[in-house]
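Chain naming follows the written order as A, B, C and D, and within any one chain the residues start at number 1.
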Amino acid sequence: MLDRIVFDLFAGLAILSAILVVTRRNVIHSAIFLITALLATAGIFLQLHAEFLFIVQIILYVGGIMVLFVFVIMLVNLDVALHQMQFRRQWWVGLLLAIALGAEATAAIYIGRLGLPGPETAPPASVLEPNTELVGHALFTGYMLPFEIASVLLLVAMIGAVVMAKRRT
Amino acid sequence: MIGTGHYLFLSLALFLIGVVGVVTRRNVIIILMSIELILNAVNINLVAFSRLVGSVEGHVFAIFIITDAAAEAAVGLGIIIAFFRNRETVLADEMDLLKW
Amino acid sequence: MPIQRNVVLNTVILIMMLLVTAGIEMKGTEMFLPHIWLVPLFPLAASAVMLLFGRKLSNAAVSGFCVGSVFLSMWFGFGAIFELIARPAAHRVVEFALFNWIPAGPMHTTSGHLVNFNAQWGFLFDPLTAVMVGIVTGVGFLIHVYSTGYMAHEGGYYRFFGYLNLFMFSMLTLVLANNILLMFVGWEGVGLCSYLLIGFYFLKKSAADAGKKAFIVNRIGDAGFLLGIFLLVGTLGTLNFSEFRGAILAGHFAVGDAALTAIALLLFVGATGKSAQIPLYVWLPDAMEGPTPVSALIHAATMVTAGVYMLVRTNAIFAMAPRALAVVAVVGAVTAIFAATMGVLQNDIKRVLAYSTISQLGYMFLACGVGAFSAGIFHLLTHAFFKGLLFLGAGSVIHAVSGEQDMQKMGALSGKIRTTYLTMLAATLAIAGIPPLAGFFSKDEILAHAFRANHALWLVGWITAGMTAFYMFRLLFLTFKGASRVAPEVERHIHESPSNMTVPLIILAVLSIVGGWIGIGGRFERFLEPVTQAAPASTAGETPEAALMIASVAIALAGIGLAWFLYIKRTELPDKIAASFGGLYRLVYNKYYVDQIYDALFVNRAKDLGLTLGAFDRTFIDGLGVDGAGWLTRATSVISIYWDKWIIDGSVNLIANVVRVLSIPVRWLQTGRVSSYAGFIVLGVLALIGFYLHAAGYTLANLRP
Amino acid sequence: MTHALQASLEALKPFLLPLIYAVAIVAVLPLLAGYLVLMERKVMAHMQVRLGPVRVGPHGLLQPIADAFKLLLKEDITPENADRLVFWLAPMLSMTAAMLALAAVPFGPGFQIADLNIGLLFVVGISSMGIFGIVLGGWASNSHYSLIGALRSAAQLVSYETAAGMAVVGALLLAGTLSLRNIVEMQENTGVWFIIAAPVGFFIYLVASIAETNRAPFDMPEAESELVAGYMTEFSGFRWALYFLAEYTNMIVVASIATTLFLGGWLRPFPTTHWLNFLDWLPAALMLGLAGYCLYRTPKQPVAIQKLVMVLVAGMFAAFAAILLAPMVATHIAGATSMALMVASWKPALLGGFWFLLKVFLYIYLFMWLRFTFPRYRFDQLMRLGWQFLIPVSIVNVMGIALGLALHRQWGWPYGVALPTTTVITLLIAAALARTGEKKEKDEAVVGEFWGTGRDA
């Protein structure tokens, strides 16, 4: 019951703001709505008993990536962009593609619905507790190598970003 | 009660919106944002399934994806800044030097 | 004055080293002979340093460097000489090769033998070489010391010494070479150095021209020398002195063999070029444009004697070619008297000496011509002493009267520059052949041999001796005695030269006094035996030695007396005589117009030839050949252009167009736009999901619940 | 029907207490902030040998209320072609973030809205969202000063969050848990505050938190002398009040994090040494003292109304004293009645709250002290300090603490030896870093030129 309310609230918020992200003309507004969409997603995570992921989402995505986005938007802020055409001329092609994809995926899910066990068969939420410890354990034992690779990836990305944005003087 | 299907549809919706954004928008920054949306949809799927099977591996993968998103955002925005300095534009269909 | 200090230092070190050497000799271990190859190396190194970095060095450093290097080679040279003398007469030869220089491989001689041609970079050290090395290093060292004083105030100090050391290297290579090709290298080297040094004041046109003249005239002689070498190789199949000497002594050739005669004459042509004999003597008087030390070292003491040395070195060949010897003798004699007559009327102090040099060289060739090679070398030795001394003295005089060279503007200098006067007096007496000075012994020996060979030659030599005495004393009187004709502003600062110029003068004076005594009793001849033994024993007929001596001394004294009478007693007479013998006087005064004749005969003809060839070049080669070929090429290219344009390019364009047309349907795939690519990605995802569903066996039928 | 109502009420019961707490905090916080402002002004005044506000109420005690009314009544201006939506959204965003962060802070044992098992991360993450309030506000007001201020603050906050986070991680290692409450309990068990175990971490957090709250000497974003008031230039009236409130709330948040992590939260000094138990009486005694002081000052007030206010203040302090005293004495007076027991059970909560607030105020007092002591940094210097000194040192600090714990747990070194050792090592490395940092002066120009000129960069 309460569960349901929470889910509908967050899901609706997420989808609504996602649509706004794609349709807003002003980039800053898009960014704001993306933030809300991300927060809504974080709420969904919370509802799925993924507290750690929830806070990671907030700290990394909202507190980190989105700040970067806003920052860059302000650096390259173009007033002319507001008067330019915001969609490509072939926008309907993309729309059709997306709709087709959606139809196909819906069909797939619908077909496979019987394979999906209902929520009643889901294990109790307690198996994901204590969430942080479990995630940490998984990260540092089973997924050690990917973890390291991810760190290397981050390093490379950092260097690349610096090189890219560095003013040629 | 909500089943996994709900989450699947939610993520599907977000995914499609992201796709539409990527394919139709001209502003590169918004395209990047749409990509973030897509990644989020994936995350939702992962977390939902890990709730279903009751293991945190989905969370781990979600974390990896978020890391990936951070890296992608950093590099992408760096490229955008560099490009903007050279061409005074952030419109994707003016970035067509890839042709030759 | 740093140069002074260098001189003193060097002298002290010299004495010390000689003592050391003596000590080594007493121990009896040979130290210098094995390292004879170092002797030319020191000057080479020094000259390299000078010519590369000399600009940076101070005069003191330069003089220290170069004089030091020459001193070192002198030390080694004399060390080697002493060691050679210390050996028993039979073993007085050292020969070894540093490396194979031109290993050209097998070749056929004209006599059909297959020989292995191989030019080594090797050194031969025997009595003859010893004498030459002694002269070159010793006189060379003294003249270097002298130059530090003489050139002190000149520009290009380092350049001068660099060239001088390079000359030392070349000359030493020349005399130390164990084969004629290496000798030729040294030969060319000294030629180059003389060119550079004659043209040392290259801003002065006369100097530059003199340099060029010397170089070109030498080229003529060198051409002959080179041909001689070729013929020599072709005939004997070897370059090595001792080898072909051995081959000849082995008696494969008859006396008067044509090939050997040809070789001898060609070599002699080279000798005439280098040693300024008729007809190639014309460069030497002009060479006086160079600095005086250069004249002393190169154009009196060492280089010009290279021809004589070469003759003696190859005396085996000449001994087999009597006709060639005759030519040598005649040319020598004629040159001697001819140059003497020219020397009589010159007023330029250095030119007088130049002509006397030529005539003395004539003497040497005369000696060689009559087969008295050792006598020639003996005279070469003494001549090196007194002629070097004369030049240095002249330089000192010129230095004193601040650059004046005309004897008519000198006189009465004897009191003011005493040392110079006395030393030059000694040298003049020596060259005049007054016993017991050096010149007497050598000249007397030559005349004796000449008398044995041919009375006419002796007569010429005898008269020449008189004239030599006359013009040398004329020079002495005009310069030092009589009334002073020096310009008053010059008069004021006439001064004796610094010690580093006078000390060499004194040493050379001593040498030119006592230098001749080593020849007494034929000791010198015997010393050179192993080299000159091939010479025909010229003991034909009895010779009144005493009478000849008396005759030569008498005519020498007569010449001196005449000079005294004309230039001290009755100073007005010479002009009168000149007036009365107007034509002859002018002829001689203008050196028999030889230069003009040469110009008319050769130089201008060469120019005409050049012009003709130029015209030919322009009209035929350029006009017909080049331009014609160009026109032809253009004509053909016009055709090929059309071929290119229509056939080649046409086909290329055809292919390109075909590709373009074929690519139209594919082109819209690659827009270069990110979004379109994203669209294609989505399309791919679509297809993939569809494929998975299909693979999973799902159809729309399953959609029904 | 009634059953459903019953059920829903039952379902809502666990939310009751947090709700009360939340309402209390939201109600008290503005007042608190207002009085912090007064405190700041007074402290500044006395540090600069002035009196500060004295008119409104005795010693200006009513000044905050006057200010609040003034701000509420002021006209609310929205600049021309400002972005209305964002302009409206931004102040609320920062306010919300600041207040939301307080939700996980344990003011006392049990006195906590929600004890999340990720509490620490929650506080850090939520408070980090305050950036958007600033950046968006600066951007929306469409003014160069604002935008530059906003960009600066964005850069600054992002930079210093890293350092702060690392410092927090240090304490985290010591505590071994993310729940703030457990962290405090951990300090209780250990017997020492973590400031003693990890002084370097505390120092780093102190500097970083100053930078994060945009306070002097790091108040680049609102540098009055350069940018009129930074991102707040175009704001006025109520929105401006919101920003102001948010700033002070943020101060409270960082102060309470510092308190919880390093200063032992609600614990009194040396919580485990029993002969210091008399300290439990200190709060009540302090309150009584204050009350007495106020009464003593009352006659000296010039105006009657002020006398009255003074008396009221004295009464308030007396009431506090009574409240603090009650649990200590309840059982002795009323015996072991249930009522008395209940009152006695409040003891830890009340005392804890007192100590906690005391520490928070001391921490904020430290902020003010620094603010009036140090000149403002130049922006590139700020960046260099953050990236080239604080962050490396904080990383080293984390490693050091980890090493210390390893020594303690694996090799059994005594706790009091292992951590000081590693602390010394950390300090040495930090000194070396500082030395090398001085050599990088030449970079300043470039950095400053890039960051300093905001949008045109």
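Here are some notes:
Basically, a contact is a pair of C-beta atoms (placed from the backbone, for glycine too) under 8 Å apart; a residue touches a chain by one contact, two chains touch by 3 or more.
Bear in mind that the values here come from a model prediction, so they are computed numbers and not experimental data.
Least step count on the touch graph, subunit A to subunit D: 1. Think of the whole protein's Cα atoms as having one middle point; the chain whose own Cα middle lies nearest to it is B. Averaged C-alpha coordinates give centres for subunit B and subunit D that are 36 Å from one another.
Averaged C-alpha coordinates put the centre of subunit A at 95 Å from the centre of subunit C. The geometric centre of subunit C is 101 Å away from that of subunit D, both derived from CA atoms. Taking each chain's centre as the average of its CA atoms, subunit B and subunit C sit 90 Å apart.
Residues of subunit B found to touch two or more other chains are 19, 22-26, 92-93. Across the assembly, subunit A contributes residues 52, 56, 64, 68, 75, 88, 93-94, 97-98, 101, 105, 131, 167 that each touch 2 or more other chains. Counting partner chains per residue, subunit D shows two or more touched chains at no residue at all.
Residues 88, 90, 93-94, 97-98, 100-101, 104-105, 107-108, 110-111 of subunit A touch subunit C in their complex.
Put simply, subunit C touches subunit B in their complex at residues 670-675, 678-679, 682.
Within the complex formed with subunit B, the residues of subunit A that make contact are 3-4, 7, 11, 14-15, 18-19, 21-22, 27, 30-31, 34, 37-38, 41, 44-45, 48-50, 52-53, 56-57, 60-61, 64-65, 68-69, 72-73, 75-76, 78, 81, 84-88, 91, 93-95, 97-99, 101-102, 105-106, 109, 113, 116-120, 122-123, 125, 127-128, 131, 134-135, 138-139, 142-143, 146, 150, 153-154, 156-158, 160-165, 167.
Chain contact summary for the complex, subunit D toward subunit A: residues 11, 83, 85-86, 89, 116-118, 121-122, 124-126, 128-129, 131-132, 135-136, 139-140, 147, 150-151, 154-155, 157-158, 161, 178, 446, 450, 454-455, 457.
Within the complex formed with subunit D, the subunit A residues making contact are 2, 26, 28-29, 32, 35, 51-52, 54-56, 58-59, 62-64, 66-68, 70-71, 74-75, 77, 130-132, 167, 169.
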